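Shared between the two complexes below is chain A, which pairs with chain B and chain C, respectively.
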Partner chain A sequence: MKRRTFALALLLAGAAGCGDTTGSERVRFAVEVGGIERDAAQALTFTSDQGWEITLSEARVALGPLYLNTIAPLESDRRGPLERFGDLLLPSAYAHGESHLSSGRIVAQLTTQVEVDALAPALVAVPGGGDGVREPALTGEVWMFNRDGALGGAAVRVAGVARRDGVEVPFEGSLVIDQALVTTGGSLDAARRVRGIPAPVTPADGGALRVRVDPRGWFEGADFRELTAGTARDGRYRFTSQDNVGRAFSNRARARAAYGITFSPTR
Partner chain B sequence: MEASPRTLNRPVAPRFCACVGACVALRAASASGQSPPPPAEPVEPEASAVIRGHGAPPRGAGDVNITVGQLAAVPRSSAGDLLRLAPGMFLSNGLGEGHADQVFLRGFDARSGQDLEFTVNGVPINEPAHPHGQGYADTHFLIPELVESLHVLEGPFDPRQGDFAVAGSAQYTLRLPARGAHIQYRVGSFNTHRVLALWGPDGESAGTFGGVELATSDGYGQNRSYERATANAQYEGRSGSLTWRVLAMSYGIRYRSAGVVREDDFQAGRIGFYDTYDPTQGSEVSRHLVSAEVDSTRASSVLRAQAWASLRSFRLRENFTGSLLDVQQPFQSPHAQRGDLIDQAASTVDVGMRASARLRTTWQARTQSVEFGAYARHNAVDSTQQRLRATTDIPYLTDYSLDNSVSNLALYLDAELRPLSWVVLRGGLRADLFQYDVLDRCAVRGITVRGAPLDQECLSADRSGYRSPTQRRTSGGVAWQPRGALFLGPWKGVTVALSAGLGARSADPVYLGNDQQLPFSPITALEGGVVFDRRFGSLALNARALYYRTHVGQDLIFNETEGRNTLASGTTRQGALLAARATNPWLDLAAHVTYARATFDDDGNLVPYVPGWVARFDGAVHRALPWRIRGRAVTASAGVGVTWVAPRPLPYSERGEAIFTVDAQVGARWAYFELGLIAQNVLDAQYAWGQYNFTSDFRSREYPTLVPARHFTAGPPRQMFVVFTLHFGAAAARHGAPTEPAR
Partner chain C sequence: MKAPVYAHARLSSVTLVLAALLSGCGDTAPTPSDAGVTDVGGGTDVVIPAGDAAVLPPSFATPVLAAFTATTRDPRTIQVSISSEELGQQGADYTAMPEEGAMVLVDGWELRFTRILLTVANVRLNQPGTSPSDQSMVGAAVASVPGAFAVDVQKPGPLTGAGGAPETAIPLAVIRAPAAGGALDPSVRYAFSYDAVAATPGAVNVNLDAGGVALYEQMVRRGWSQYVEGTATYRGTTTGLAPTFADYPSAVTFRLGWAAPAQYLNCNNPDNGSKDMPGVQPSATTAARAQLTVHMDHLFWGGLGVEDPPAHFDQFASRAQLVGGASVVTLDDLMGVVPTNLVDRMMRPVPDRGGQTMGYTPRNASALSFELGGNSSVRDLRDFVTFSARAGGHLNADGLCFLRPTAAISY
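Now for the complex of A and B:
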């Protein structure tokens, strides 16, 4: 009897239309931003690939807007040499819009801009949070825009001291998003986008998207000795887009390695 | 003199001219307004009924012959609005005055009519190969006051139903029972002006009429103005058993469209409810149509032949997504987003014919009949879709450019058999041949060819070298469609009806592959129900309840990036409806409620945008007032229409907002003069006609927004109109006179 009642209930539920869904769902989530996790009491000191020991005293980034994309990260970022050789023999196939050469599909976003102190490891909540749909993302994109205030009209501002072989170079500089960044055949929109940041996350209601800015790679390839040929102002050498430090910084501050994205299902 | 035997035989009911359509469209109040169940023997003559579908024998419990009758006193803004009288029907039109109505019926979102076969006096209206959607059906070229009746058959259960009869078919019959001349002026909200002149010469049948209309309005909110001119005319002549009609129609409209509004922008105060993001949206449409038909009605046969020709032009600019889709491509020179304004254009030549012969005989003292018919239609459609730079008329991209030739030839056999006095079988077989010849003038797009110049959209080369930029695709196939219905009864007015049928919707040439074997989407439909139809003294009561199920092999679902419905997977719909109409000489009430559940076959998800519940009430009352002026009676009328639509499922598992609107009209007539007051959306409800979840970027924020958001098209706020009508002619001279029953 009970079994018959249960079967009837199932039948009625089916007729009435259980699972009233059209697939997927829109979600809202918190967004928290900060610098890399470390002991905040200590200065951030690291050694660049050129052997410079760099201590940063200021590292500010205008973060946002930010998007999560279904597009895959560049294979070279996540594949070992053996896998890359295998890929030569049997290339990967991608669904439409999901290879790294296409624009992909955005599934979540943060459409406000906040100033991030990349030297502060504590995460700070972004007012308003982010929104999107509950679908897996593979990569993140940060679109860089200049910001007034502490950033002084730049998208990234940095200051610190670089030391090597007894040479100490106090420096400061900034990244301004403008036409000077546009390469031949490119556009300003393309120049401002940091794409392909690995972000294998699925946004969900009530969760938190965490973005950390890592400045330790900003000076890869930079040789600070070139700055000393100039004149220091207020005790610091200012790098520009005309010198190798400025060029390296311009490229590396827009590199996907400068950002880390994770998602926590709870805040 | 009326034309058809059916018209001649009907009871002569007094007419009442309450206001606007009431005066000109009102016909015999004796009709229940919905198709009766199969009558008991003997069968009444059904000459023109067989031919045109008007008054045709029913094909299912969901087959309704809607006589507008006294319900003309309920405010309606277009001929399309009359469809609301059909059970389960809900219409919206948030995209402009001249845009085809979005029709929802039995779980179908027939966005611009593609799932409903429309005919006007036998002429097909759905447009194959239309750039705004396969089967686009715009009925705004009809003068609503000339619509005498509407035959809606929900489901493909009649072999005479043609292409696009997926959810069903709607046959408009134009006539002017109120003879004489009628000149009307309407003025009201948003600087709306409408002048209408109708003429039905005394001594000619109701099938002979002429009507012209000129209307202008600023429209509600922003960017909804329009200017429209319409002419509908028909001559109906008769000689012995022959009846012939020549119909001519001409129509042109220019309208602006506000398009969609993002709900988050509205909530944040960045845009008003009735505002627009893009004032360049709008359309220009024209249609010119002629039709000639001849009927020969004899006791044992009805022969009919009809031919038509139509010229149409169409241009529509709309923008659903703002500036989102113009992503930098490797074959393009560097650019920012240039805007997603879609510019669709079509120029169409449409010719066709239909012919049929119904033969009757008597067997077992009951009339049996069989009909053979043929249908042929050819559409030559030159269609393009381009993208325009924001706020300009300058195209930057061609989505497609097609020279379409679409032919549809059909043969059918339809029989009506009465083996027993309480059993009626109707049905037969229809075979449609669809043929396509499509010249794609821009066959090579969106690929990178080494050495090719940038920004070339219709390349003369592909990766193998030189090629012509054009490519021809041809296809064809036959759809076999058995259809039938079984009626049991009536017993004390109760008839049981069971119907089943296969239908087909022709393929959209945009998606057509070369030599595609099945250039149509197959449809399977089932229906079972009970119809009650009886008279109680002067009260005619009609009620019905039914269950239905429809499966579509390949459905069409709204795609915001194309601004139209595009191809999707198979879907299944099922549901039920209840409907009733009660009519007596001074009161007319109609109500219906429908439940629909539409799901995709592959994942079981709900089909978005389709309302689960739709309810509608129409009521009208008209009486002679108890006093006379100069010996003539003053007659008055009032009508009210109430619509309720449950929250619709939207993409991403959300529900939209419910819709509840009330329209009302009051009017009075004395002698030659008639005055009316119309209030639409009496409660001034601020509601969304269309609701969508998709991605857009209208640059309303500082940074691009690239994830799905809620959008809506605003339904009209409260609108008030005053209508003044002058009636001329012998009938008008008698109106309200002591010798004339004024009612």
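Now for the complex of A and C:
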């Protein structure tokens, strides 16, 4: 109940922030979405923390709505790339206050949903763009809803091949936002939100909000061997929420690090 | 002051147990086939070798006098205390039908703590923050309490805790005036902050007994900021469980030590009438309370990014090993275990038996898994536990502080 109330308050705060008459300048801006920046001619291959070399052939995300919030990011997400690299060398687990990210205030929004091909580096404009007020934001917040079409009723869909120690596991699977994701005491609203994505931006008229999705962390912690105990269909093993690959994926596809948000004053 | 050196010091039995624990910290984990039955030894007398000299000054052996008493009520002062609340002091019984809001380990375990050692320092006041969006922003420094405090917050104190009786709190210090002189202003809600730091020989011994002092010395050597010790006893149902549980112990001693130095900034204060309102406001007629509150349930949470997720103990019990005939688990036993794929010492998935508790529904009864809540830097179960525990520092029971880590977590 507390979670539902919070979500409603958040939406109301967003509406008030964009429609009030406090003197803030109303702005409209373009929104562009894409996958990670890379050479699209090459397959996207990376190695997970469990030593699996993974090549993705499909990685789609139903993204939106998206909000920009005045609330500061958690300390662990404020660190730069070099500091994060240090995590690989040190037994580090920078912690923060879990639910200590309070509600904040929404200053800009993208109210539509768009399908993002996380393997395609080219940015794609979202029809209608976004709007808000010209006020600094510190974090972004992505909401995930299931989508038909290429996503087949899921919020995230992925396929590829994982290889380790001579074992090759072609796989596919998806993240469906439903009650199965809800922990005792939690809510579906909380399960669908990725909050606290660092986004130190100030929306401005004529600019472009750019959102990129990085799928390389989606399988941290996953051990693909479990899938081979099942039966492949059409040459692929399908992970679900009942196996460790699906559980890892459902967590990691909703990680803040999977999203990058920037703003360009010009398109 | 340089600490005296005591080579070949013979330590107390409590220390010996910890020494045995420490000596096993770098050991290779048993192989899956023998993990469930191997006794890794312990119980033998241990002599600390030359080079591991005592690091604490003799004066540390005696706790200091309490900074104030339960009847001290000096106006325009802020009384700083610390508590692990009822959970840390008295533990948690198991019941299959817990009252709403009651702490219960849903998988049937009863919990008792025996030691909760930590060091806090840099207790300070600043002028109020200026950014409602960024709790870490505070104004100019106003006053600070010098030094660090070594304290066992498992032990009861002479004060009634912020959560009410039977919870108690331990006095630490009194802030009486701004550093610049004058008196604290009763019209100001000063930003209140404190640090968790590594154990240090320079700390003041608040309430450590001889066993606690010996343990604290080990903490100094390891650079730990916190050491938690206790027992868990299985009190849940014994019928209808997955066969796997027959291999798990029903009584486990946990000994968890780690370093997670951090600043707890501009804490919210429920005494202001709202959990989301930061600052401590002196009173013109009595003393104001600033109770550092350590939430021990964070160690057992099954999720990050949510408040008060269900708490479990099977993630510990499934990794325990025999030490001197007793089942013991340390943080090292959790290394390499993926939080979304919890496995026991025999590398089998840990089933979720939380369904025996009213109000909890396992999402997958055959495989317990934890939620990462959008965090990416949690590599394994050891990280998960300490990551969650680091967020357990609060003010006056439930006041959330902005948490700024000052170093990586280490073990």
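To be clear about the criterion, the second predicted complex is superposed on the first by the 222 of 267 C-alpha atoms of A that agree within 3 Å, B and C clash if a C-alpha of one lies under 4 Å from a C-alpha of the other, contacts with A are read in each partner's own complex, and residues count from 1 in each chain.
Here, a contact is a pair of C-beta atoms (placed from the backbone, for glycine too) under 8 Å apart; a residue touches a chain by one contact, two chains touch by 3 or more.
Just so it is clear, the model here is predicted, and its values are computed rather than measured.
Colleague: Based on the superposed arrangement, let me know which partner A:Trp143 touches: chain B (first), chain C (second), both, or neither?
Modeller: first
Colleague: Between chain B and chain C, whom does A:Pro65 touch in the aligned arrangement: first, second, both, or neither?
Modeller: In the superposition, A:Pro65 contacts chain B only.
Colleague: Can A:Glu25 be said to touch chain B (first), chain C (second), both, or neither?
Modeller: Only chain B; A:Glu25 stays clear of chain C.
Colleague: Is A:Val133 contacted by the first partner chain B, the second partner chain C, both or neither?
Modeller: After superposition on chain A, A:Val133 lies in contact with chain B alone.
Colleague: Under the stated touch criterion, name the partner, chain B or chain C, that contacts more residues in chain A.
Modeller: Partner touching more chain A residues in the overlay: C.
Colleague: Touch check for A:Ala208: first (chain B), second (chain C), both, or neither?
Modeller: In the superposition, A:Ala208 contacts neither chain B nor chain C.
Colleague: One more residue to check, A:Gln113. First (chain B), second (chain C), both or neither?
Modeller: first
Colleague: Applying the touch criterion given at the start, work out whether A:Asp189 contacts chain B, chain C, both or neither, answering first, second, both or neither.
Modeller: Touch status of A:Asp189: first partner only.
Colleague: With the touch criterion stated at the top, can you tell me which chain A residues are shared between the chain B interface and the chain C interface?
Modeller: In chain A, positions 185-186, 190 sit in both the chain B and chain C interfaces.
Colleague: Using the touch rule from the top, collect the residues of chain A that touch chain C in their complex.
Modeller: It comes out as residues 2, 49-50, 70-72, 75-76, 84, 86-87, 90-100, 102, 104-105, 138, 180, 183-186, 190, 194-196, 217, 220-223, 241-242, 244, 247-248, 251-252, 254-257.
Colleague: List the residues on chain A that touch chain B in their complex, please.
Modeller: It is residues 17, 19-26, 64-65, 67, 101, 103, 106-109, 111-113, 131-133, 143, 145, 185-190 of chain A that touch chain B.
Colleague: Hey, which residues of chain B end up touching chain A in the complex?
Modeller: Residue list for chain B touching chain A: 327-328, 330, 334-336, 597, 603-608, 612, 649-654, 693, 695, 701-708.
Colleague: Can you check the complex and tell me which residues of chain C touch chain A?
Modeller: So the residues of chain C in touch with chain A come to 131, 133-136, 260, 262, 276, 302-310, 338-341, 349, 359-361, 363-364, 366-367, 369, 371-379, 383-384, 386-388, 390-391, 400-405, 408-411.
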